[in-house]
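The next part holds the structures, each set out as structure tokens.
Each of the next two complexes has subunit A plus one more chain, namely subunit B in the first and subunit C in the second.
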Partner chain A sequence: MNDFFMLIGFSEILLVIFMQWEVYVAKIIKTFSISSYAVSVFLLYLSFVQHSYLVLILAILTAVIRGFFIPNFILKRLARDPWRERESKPIMGTASSIIISLVIAIFAYVLYEATMLNFIGVLSGAIPIALVFQGAFLVISRRNAFIQLVGYMVMENAAFLFTGYLFPDLPFSVEAGTVLDLIGVVMISGIIMRMRENSPKKSDDIDELRG
Partner chain B sequence: MDLVYILPMAASLIGALLCLVRIEKFEEIVSIIVSVCTSIFAVLILFSPNVSNYFLFLDGISKIMILTISIVYVMTVIFSTTFFKYIDEPLFQKRFYYLLLNLFAFSMFFSVSVNNFGLVWVGIEATTVTSALLVATENDESSIEATWRYIIIVSSGLVISFIANILIYSATGTLDISKLLSMNSFSALLPLGSMMALVGYGTKAGIFPMHTWLPDVHGKAPAPVSAIFSGVLLPVALYAMIRVIQFTPIEYVKTFALILGFLTVIIAASLMAVQTNYKRLFAYSTMENMGMALIGISLGGYALLGVIILILSHAFAKSSTFFLSGNLLSRYKTLKIDEVKGVAGRMPITAYTLLFSSMAITGMPPFGTFFGEIMIIFVLLSAVHIGWVLLLMAFLALAFISMNFKVGKMLFSDSEGDNMERKRVGTIIPVIDTILSLAIVFFIPLISKVIK
Partner chain C sequence: MLALSVIQLVYVLALAPLIAGIISTIEERIESKRGPSIFQPYYDLLKLFRKENVIPAKSSPIFRIGPYVTFSLYMLLTLVLPIITAFPLQFGPVVDFIGGGLTFGAAATFKKLMALDSRSNYAHLGTSRSASIGALSEPITVLIFIMLGVISKTNNPYIINNVLQTSMTWYLSLVHWFVAAAFFMVLLVETGKLPIESHSTAELGAIDQSMEIEYSGSDLAFFKWGGYAKQFLLMSVFLNVYTVPFWVPMKMNFDSVFIYMGIQLLKLVGLAIVFAFFEESVSKFRLLKNFDYIAVAFSMAFLSFLVFSISG
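Moving on to the complex of A and B:
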């Protein structure tokens, strides 16, 4: 069980590092889709181990909503041809963001060991914590709204992985509510992003909000 | 018997669905009716016994939160009926505006009524979903940018509180608020979970250092949306923080909350001094009040009564200032403090209401905010060194001077021009709100009784 979690967890970290060095938005979204399917595969495995139909439902919800629906919804929202949409000027350069990503992974491990390891007792619990930080870093290191949204969803996926592995008996209503909220956030974000690109009225005080 | 407790949720949800009916002005009439009904239900709930069952948990604090939400909801709906026509090319049709407003109210009622801390999180995240498009109603570049900042910052912050919920569950084995409040034993993960929850929910409540979305959204949202955000959305997030402190009997977690509150007041008061945009000035004032409330929450006991009085009085006074900011914007067509002149001569009712509501939000006697802050400071005196209290009071004084000096400048500076006041519902609603923020003082014994 722990080995399988480690495998999925490290795959997730590698996928996020791939997102850090990628500039094409569509590829980042597809990578997120793959990482969501990986989370759902883990939940599926967990449901068989624990004989829990609620975890099985959660695995299916994760695959359908996070793996399929949300990435496709975002891809359709890309204003231009998806394969052309790229971030030309990220806040942080690719090389430095990869190095920072690695530092963040080490920092997350040290932080987890110092604060939670004694109580949770599972060393691999550091993986979701590292993923949360990676997602947050993706949000702050990019200007492109679609990539920022993916960063937020990476954080959500990490929280889901954390729950699934360490606390699978968390009330189902809470986890299902989380999935529903995520759909809402993504759909509203999709509308806002489209509006952002086609804003009819220019504003003089936009600089007040940037930087 | 428990049906009365879900009536505010049911009414706002039904109101939202009825807004889909395509009849001229139907959405306005329905929204006014359901919001007034929720206020009546809120009063009924206030005098009903506390309830704790599988789905609901309503004690005195929840009941007062429901009452506050419902009154600000009524005022916002009524004010919106006059304000909406001043928006050129709104993002959506009027009925969608009211649909979202009613859903937004529903998600707030839900958040303060449920007996599961995980569902409180779901409710608070749902407030983001239902309110985001309301911020972008004016459909211009800056309001859309502000909306995006709101979604991404608040949602990312709420992921922290989601992880916090997991840790709290791991430490206690439950997320039921009633069980958490009566819990005696828990693992050492609880303080970590609680501190993360304070940071996460603090994002939504405009607490330092996760407050950066707040001035942008309040500055760019339409006036009624800013009013409901400032008046009740932020206190709903504070409600979650109250619960966290209540079920975490650990001193250093409370100290952590105290420090966050303290820093919030200092940062907000300092930024108020340099504001040139009146809506952003009011936004930082909200942040300052939320900081004071968090200080009170961390102290507990008598200070918690101060927090409730502060939240109630601030909700009415601040919604009044934001409604009035909408009136100013519709006449002067600017948000710059320096460009708004002679309001007292040209819009006397607006001017004097703004003067009193500004005094109220900065804690001037005899408004309820003054009594709330005094109670908090009184308890703080016994908890920390007097030097810290004096420092806090110095920043409160800075906020007071910044706000009232800048508002005074807009109101009493010389200006030529005709009277621009329109005696309509948009002028009356802020007057009622300001009176309510004063009237709270007479209900302090009742509030105290309800909380006990």
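Moving on to the complex of A and C:
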């Protein structure tokens, strides 16, 4: 069980590092979709281990809403052709943001070991904590609102992973509520972002020529 | 043992150009072209051996002896790395993984000296690029070696192979696969596949081609042959130590070693296909984007530490 959790958890960390590497918005959204499917696979496995149909429902909800619906909804909100949408001027260099994201993961591990490990008792609980921090870093290291939204959803995925593995007794209504809340957040954000995209702005044609 | 060492040496030197030829041919086929024969590198080497050497007037003896020194260093590496056996051959105990890395580093440094000594601006351009990429990829290699040391409690590549062959726990562990992924990324850099188009002669991406630009005749042949051998060795290490350590004979037996030589060739062809697909399907980065690629490779290597620490 712990091995599977670690496999999924570290895949998630790698996917966040890939998001830091990527500049194309559509690819980042698709990566988030893969990361959500990975969380749902973990929940599916958990449902078999715990013989819980509620966790099974949660796994299906995660796959449908986080893996399929939300990424597709965001892709449709992209103002131009989705494959062209990219962030040409991130707040910091890509290489530095990858390394900082890595350092954050290590910092989260040290922090978790020093504070929460005593009462949780599972060392791998550091993985979702690292993901929360990495998601937050994705939000602050990018200018593009869609990528910032993905960063926020990465934090939510981490919270899901954390509660799913370490607090399996959390009421189903709370966890399912979190999944459904996200739809509202994404829809409202989509509308706001569409308004932002449509507002007049200075030309950035030259930026398009950058690598 | 000595006989097997000689067989291994001949095996590497004879087949190294073939692997390079296979990669080129598959790449051309992917591009729907007919492409050269898989034996083209042999024809190139033969042609170069027949041509005369031209030496820049202002170069020092380093330029002249360079290709032979680097070729000799790759030959030395051939004698000490696990290519066709998982038990140390005659010269196996001479170096460990760190020593092997240093020998690769020595060859790379000598190549840079040779290129600088050619007094050509293009060679200097390639040297500068090679040095900046090497400076970033070397720490990753060191991290990888340290992690392999953690897995096997040694720095000996033969023992690492034995541990991974016999312990499924280690073989399937995330630590091992993170290390393997990091090494794969470094391997692509070291063999000039990614992140930039280094096997092109175009000024914008050329690295090795710039460094050898002033060479001709047998000097160039040895330069190229050394390059093929380096690629062959690194691919073999990746297969035998990192990803597919199975079937490599762990005990002295001529029959099994000879059978394995065929298997090793098949493994290499499989990796050559993977290489070709990578080269054809992943777009090349610009030089300034190198750091991003290297940063991801570094992350992979470093995450293996985190996995090890968390999994206890």
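FYI, the second predicted complex is superposed on the first by the 199 of 211 C-alpha atoms of A that agree within 3 Å, B and C clash if a C-alpha of one lies under 4 Å from a C-alpha of the other, contacts with A are read in each partner's own complex, and residues count from 1 in each chain.
As a working rule, a contact is a pair of C-beta atoms (placed from the backbone, for glycine too) under 8 Å apart; a residue touches a chain by one contact, two chains touch by 3 or more.
Quick caveat, the model's predicted, so the values are computed rather than measured.
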Determine, for the superposed arrangement built on subunit A, whether subunit B and subunit C clash or fit. fit
Figure out whether A:Leu117 sits in contact with subunit B (first) or subunit C (second), or with both, or with neither. neither
Looking only at contacts as defined up top, I'd like to know whether subunit B or subunit C touches more of subunit A. B
Regarding the shared-chain residue A:Met6, is it in contact with subunit B (first), subunit C (second), both, or neither? second
Applying the document's definition of touch, where does A:Ile98 land relative to subunit B and subunit C: first, second, both, or neither? second
Based on the superposed arrangement, let me know which partner A:Leu14 touches: subunit B (first), subunit C (second), both, or neither? second
Which holds for A:Leu54: it touches subunit B only (first), subunit C only (second), both, or neither? neither
Per the contact definition in the header, classify A:Phe167: touching subunit B only (first), subunit C only (second), both, or neither. first
Under the stated touch criterion, which partner chain does A:Leu44 make contact with: subunit B (first), subunit C (second), both, or neither? neither
Superposition-derived minimum Cα distance between subunit C and subunit B (Å): 20
If you lay the two complexes on top of each other, which residues of subunit A touch subunit B in one and subunit C in the other? none
Per the touch rule above, subunit A residues touching subunit B in the complex are 115-116, 118-120, 132, 135-136, 139, 145, 148-149, 151-152, 155-156, 159, 162-163, 166-167, 170-171, 173-174, 177-178, 180-181, 184-185, 188-189, 191-193, 195-196, 199-203, 205-206, 208-210
Residues on subunit B engaged by subunit A in the complex (per definition of touch): 88-89, 91, 116, 118-119, 121-122, 125-126, 128-130, 132-133, 136, 138-149, 151-152, 155-156, 159, 162-163, 165-167, 169-171, 175, 187-189, 192, 216, 219-220, 277, 335
Please output the residues of subunit A touching subunit C within their complex, sorted ascending. 3, 6-7, 10, 13-14, 17-18, 21, 93-96, 98-99, 101-102, 105-106, 109, 123-124, 126-127, 211
Within their complex, subunit C touches subunit A through residues 174, 178, 285-286, 288-289, 291-292, 294-296, 298-300, 302-303, 306-307, 309-312
